[in-house]
Amino acid sequence: MKDDIVADYLREILIELQDNSEGEVADYIPQLADADPEPFSVALCTTDGQIYAQGLNEGDVELEFTIQSMSKPFAYALALKEHTLKKVARFVGMEPSGEAFNELSLDGETKRPMNPMINAGAITVNQLINGEESPVEERVEKIVEFFSELADRTLSIDMATCNSEIETSDRNMSLAHMLRSYDMIQDESHDAVESYIQQCSIKVTVSDLAMMAATLANGGEHPVTGKQVCSKRVALQVQAVMASAGMYDGAGRWMASVGIPAKSGVSGGIIGTLPGRLGIAAFSPKLDSSGNSVRACRVFEHLSRDMGLHLMAAEKRGRVAVRNISTVEGSAADKGIKTIIRLQGDIDFNAGEKIWRTIREHEFASKSVLVDLDKVDEVNDVGERMLRELYEHFEADGYQMELVDSDGVLSR
Amino acid sequence: MKDDIVADYLREILIELQDNSEGEVADYIPQLADADPEPFSVALCTTDGQIYAQGLNEGDVELEFTIQSMSKPFAYALALKEHTLKKVARFVGMEPSGEAFNELSLDGETKRPMNPMINAGAITVNQLINGEESPVEERVEKIVEFFSELADRTLSIDMATCNSEIETSDRNMSLAHMLRSYDMIQDESHDAVESYIQQCSIKVTVSDLAMMAATLANGGEHPVTGKQVCSKRVALQVQAVMASAGMYDGAGRWMASVGIPAKSGVSGGIIGTLPGRLGIAAFSPKLDSSGNSVRACRVFEHLSRDMGLHLMAAEKRGRVAVRNISTVEGSAADKGIKTIIRLQGDIDFNAGEKIWRTIREHEFASKSVLVDLDKVDEVNDVGERMLRELYEHFEADGYQMELVDSDGVLSR
Amino acid sequence: MKDDIVADYLREILIELQDNSEGEVADYIPQLADADPEPFSVALCTTDGQIYAQGLNEGDVELEFTIQSMSKPFAYALALKEHTLKKVARFVGMEPSGEAFNELSLDGETKRPMNPMINAGAITVNQLINGEESPVEERVEKIVEFFSELADRTLSIDMATCNSEIETSDRNMSLAHMLRSYDMIQDESHDAVESYIQQCSIKVTVSDLAMMAATLANGGEHPVTGKQVCSKRVALQVQAVMASAGMYDGAGRWMASVGIPAKSGVSGGIIGTLPGRLGIAAFSPKLDSSGNSVRACRVFEHLSRDMGLHLMAAEKRGRVAVRNISTVEGSAADKGIKTIIRLQGDIDFNAGEKIWRTIREHEFASKSVLVDLDKVDEVNDVGERMLRELYEHFEADGYQMELVDSDGVLSR
Amino acid sequence: MKDDIVADYLREILIELQDNSEGEVADYIPQLADADPEPFSVALCTTDGQIYAQGLNEGDVELEFTIQSMSKPFAYALALKEHTLKKVARFVGMEPSGEAFNELSLDGETKRPMNPMINAGAITVNQLINGEESPVEERVEKIVEFFSELADRTLSIDMATCNSEIETSDRNMSLAHMLRSYDMIQDESHDAVESYIQQCSIKVTVSDLAMMAATLANGGEHPVTGKQVCSKRVALQVQAVMASAGMYDGAGRWMASVGIPAKSGVSGGIIGTLPGRLGIAAFSPKLDSSGNSVRACRVFEHLSRDMGLHLMAAEKRGRVAVRNISTVEGSAADKGIKTIIRLQGDIDFNAGEKIWRTIREHEFASKSVLVDLDKVDEVNDVGERMLRELYEHFEADGYQMELVDSDGVLSR
């Protein structure tokens, strides 16, 4: 079999949407205004590192474009990683900003930007990276490094677009000065904007973005390299804020209709994450009046509707946690019978509950039990606690317990 | 083993939080002001129908209280069930309403209430149920019936609280008149408010609420009765809107810190859902200044933090979809070997992708393959599509395929 | 001379504007929707009681219509008269309410209506009249009485329009309930709205309105009856608030272009005041989209532009305060010469300053001076103080002073 | 008489308020933070050019300070003078801006600053002066020239304060960039802010300000030099906008309690105008939390309350327009009697109406009438029209008319 179902699906979507030529290429940055409007691509990256990328035309998958506002969640992750959530929250909130025309969206009382997904918040977040005293170059270097780690390749900055954008950055300059006036940032406004725009000018492909998003979806553990790039708590925080505020004043409608925490960029890309499942990216340069890629939005709608990829879609959990319960010939002490409980998959609360219930309903043939974890992939904190308590309950009831954990999925 | 781990956990949480006596019993409804502030309970209902309910004191679990604003998501589900999403969306939006003090929260242009989780939206949703022409009694009967179906027992209205609330319903009367003035509702304001307050006065226990929430979490299929109480799309819509707007102007912070789509009521309860996993409810009458139960909020924080119950928590999916691949002795045609692929659990996109990948990497010993679905619990649309395409790919490659699906998990 | 210049001017304006048939008769009150759209009239009342009223058609001047929102400034005056400004200000503010669509316009913190010119404020003001405990009938009686005093004839209520409006009063009912919920009013919402709508249904002619407005313009002293209907402070307060908030969210433009503190009503009238100068009223039923009479607005623009009637128009004051200074033959003590200073007109600060300056520059022929106030109309507080000090200065300088004040314009 | 009543009054006010040491010197501009907090002065300038200035301490009257935001109305006047009102209104509105914390206060739709009294509007107005292409120096030169004309002396810029402010001008830089982003201004942000801050740094005394304000109050005609510095329409427009928006979100309360269109500056001054009457200025550096001079506010309250200086104060107009009507011996044609009508003061609409009425009620002894205008100061347009029509009416009735107008107060 040379074909690939997932790749086929993605390709189908591109073909179905290829005639949609609505929207306009971003015009406020001269360099972007010259962009070819044709490229159209989509990529998925599973939380175990499988990447599917498809382009409508030759070269679309390999095409590099600037990351723009899609950098916001990742920069937020880096700031959260460098500082505590508590510190970052002193400078940037996590509420939707409501009205789109209110460009400042500072909290009326604290003067904090409402969230890190709007420009005011993103400029503030950028300033936190590598410390407020950091020179622009060093801060941007840190960001490029972190993004490269997420994309699993060395990324670089598109200086032409960057310079072009700096020249037309009145909106951002306005925000930076306002943030300075409220002591939200300390750097010179020009430097703050330059630093932020360099972050926005990092060049990525649609596959890079899918992999970067998948790292968030995978709780901060890189799905390919396996490195814990940021903590679970950070990955969770970033995705929660994307869900609430990533699509600006249409966030509620997006979460209801598409249901994928997402962030778009004016270069024409949209990234999305489905926790535990996927990182997603789509790209096509023509934008609607809200600045979102028309075709990329459609791609997300297709993925959500046709492939059940919606945060609220109710795929059941934990039902296969108990692989089987069997008995084998044992020693005299077990009346010759030993019960083997084989667990599998990921053990979270739902799995733990299922295991517990299954076992309580089981009629054991003897007091000798072996719990086999060799087919278990991962055990989270509550899962481990539940397994340990299960074990202790058995022992307290006079059972003779054995545990097989060849891969060491339990913490000790 | 007489004990129960999950129940123990819940009980631990109640005990840990029992000394928290902050907040005040709701005082704006006389009947609620007289409520005993002591009761404290929590309940979980898994999507396969297991209920765990614990109370701090004797009788807390059985205690009936009025559902109040926790009725909003369920009434929204009923309205969506009776009408199309498109029609309901003409009358009620799905965006967070921002500022808390803006009691009206009508969209500036359309004059629709911003979402069904605020009173203006809930009154409007209530009016859609059983049609705009419906007498109050018939409408309320429909609602009690639907809520009873969700709770799997016959619920009734607390007329004392209802009457007490109607007497002090200036805020709601104000909203109803305003909605009438914009043609959002047609009924007499008094009737609209009475209808809505009767909805709010339905008596429930903490277990009822957990089961009702679990039905949403389970995609509209009742976890105990198995009845499809509302469509998957409706359950998804309701939970998405709860996530965006259920906790008013603190929705963003709640989603980041707790990460459970939730709705609170002034009687002291909070319900939450984790799609595919759990319905959750907690109850204790003392409220904070935003009108949320102090102790119930703490319970949700514990559940989220200690038990990994957060929408963005990245528990991996689909890794155990392929139970095993084995070979058995076959007929002459298979060179004497048949490969058996045993699938298990729920087959969604992630599972489909995993299955596909696993099989592609497998070296088959012969062209004879049997796919065994007997351990598969459920197959969603994309999952079925992927299985079918997998099947066709094999056939196209000249394989001789057999399918075992004793329970008929595939649609035909 | 049978003709009348002023009347001619007013008639000219009506004729010039008669072809303007833009706008629509108010449709939200059935009784108003049936109104004849043709009537068109204007009236001026000078602060010394001269009334000029002109109608386009036979009967327009005598036509009675309901006062509607034009009752707001007068009811505010009555509330201020019955209570102190301080007390009234606890319930109703005096700031423009900004956005028109924000129907509530309650102050975010105090929950007071922003000003008495919006419905929320007017309902609250109405409730203050005759005390919060007042039955509706008695309150309305007080209002009819006060308005009758202002119009110098017995007014009555148009019960047909009143009842018609009560039936379609959702907006006002909404406001009343909201005000009750914030303890801004105490009455039953229905009674509060009925009381307010009866106030709005008082029947007036365009001449009545001009006279009522002229009483405000004349510092609370009725220009015809001479009765001090309310204090100067109250008249001043009412006109200041009309200037800031009378024309809703277009108040700033109105003050710049027209410059006449004004209030419109949906029946088609607009009243205006020019302090010290005029009360003005115009009437024609067709309304623009903001609910202001199209033709009446045009009338005010004409009056402002063509007749210099603008609050900021810089007509000089006080220049003729000194009628003349002359000498007459006196007694031996005056070396045979007495200087007579004849003052005239109204003596306010500017007049006082002018008098003082004129006298300082005068070379007196002897130390005998007579100040003649017989041509002085009125002396305000600062004017009197200045005259007294002038007098004392003369005496201190050794002048022998006489004062002629036959009409007693000085307070003692 | 060496003393001066008006000066005494002003001095009394200063002494009464001298113990008020509330407030803080502006701290956001370093140069202002070092200001001596003690100076306290007040000045009035009548519309006929008399100036009264008093200081609490030696040198207070002569003290120069920067004009700051008090420059806004005068710069607005200059922009209106150079362009049409229509053009200026395309860039700056004239509505109150409501909420103080909304620093941008741009109209949601047009993106125009709400009015020229807030910084966003003032920066935009500044840019209109001398054309958008103007170099900063030339624009500022124009402004200094215009302000010097208003103050009747050569003003200059305090470069130390100017430079100090430019260094801490994040708020203004933010506004300038935002205005640029909406094409409201074209200049480089830095230049726009520098131009505006130089305007704010023009040094004035309290007497300068009173004279500048008096020019507006006098309809654009300088009260001392007699030069028409700007048109009546411009002076009226500026004062109307000051009345609506000069005191920010407290504009309504200020107009009700003080009733003097006013503008304050952070250096500690407040200017005010009473059309036709006075220009007013008060100065003392300590500011309240809204940035208004504490003592200067109190001075305005005193002037309003104690001296009747309130825009809505109802001083009657026009009552002395007819000085007298007398008869003299005439020719045979008059049956030997000629009636002489002597008019005086300013002839506006109210005066015209009074004249007309007085004459209509007069019983003429013959058909020979002489109208004597030699004691008339000024005749405005409507006044002249009324006089002419009066004249024509007489002639039409067969009167033989003579007119004495030695000073040529009529236009021909």
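Here the chain labels run A, B, C and D in written order, and each chain numbers its own residues starting at 1.
The rule we apply is simple: a residue touches a chain if its C-beta (ideal position, glycine included) is under 8 Å from a C-beta of that chain, and two chains touch if they have at least 3 such contacts.
Since the structure is predicted, the reported quantities are computational estimates derived from the model, not experimental observations.
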item	value
Chain hops separating chain C from chain A, counting only touching neighbours	2
Approximate Å spacing (C-alpha centroids) for the pair chain C, chain D	24
Length of the line joining the C-alpha centres of chain B and chain D, rounded to whole Å	65
Distance between the centres, which are taken as Cα means, of chain D and chain A, whole angstrom	61
Chain D, residues touching no fewer than two other chains	none
Pairwise chain contacts under the document criterion	A-B, A-D, B-C, C-D
For the chain D and chain C complex, residues of the former touching the latter	1, 3-6, 8, 46-48, 50, 93-96, 98, 115, 217-220, 232, 235-237, 239-241, 243-245, 249-253, 255-256, 259, 261, 275-278, 306-320, 323, 344-346, 348-350, 352-354, 356-357, 360, 375, 377-378, 380-383, 386, 389-390, 393-394, 397
Of chain A, residues touching chain D in the complex	101, 103-104, 108, 170-171, 173-178, 180-181, 189
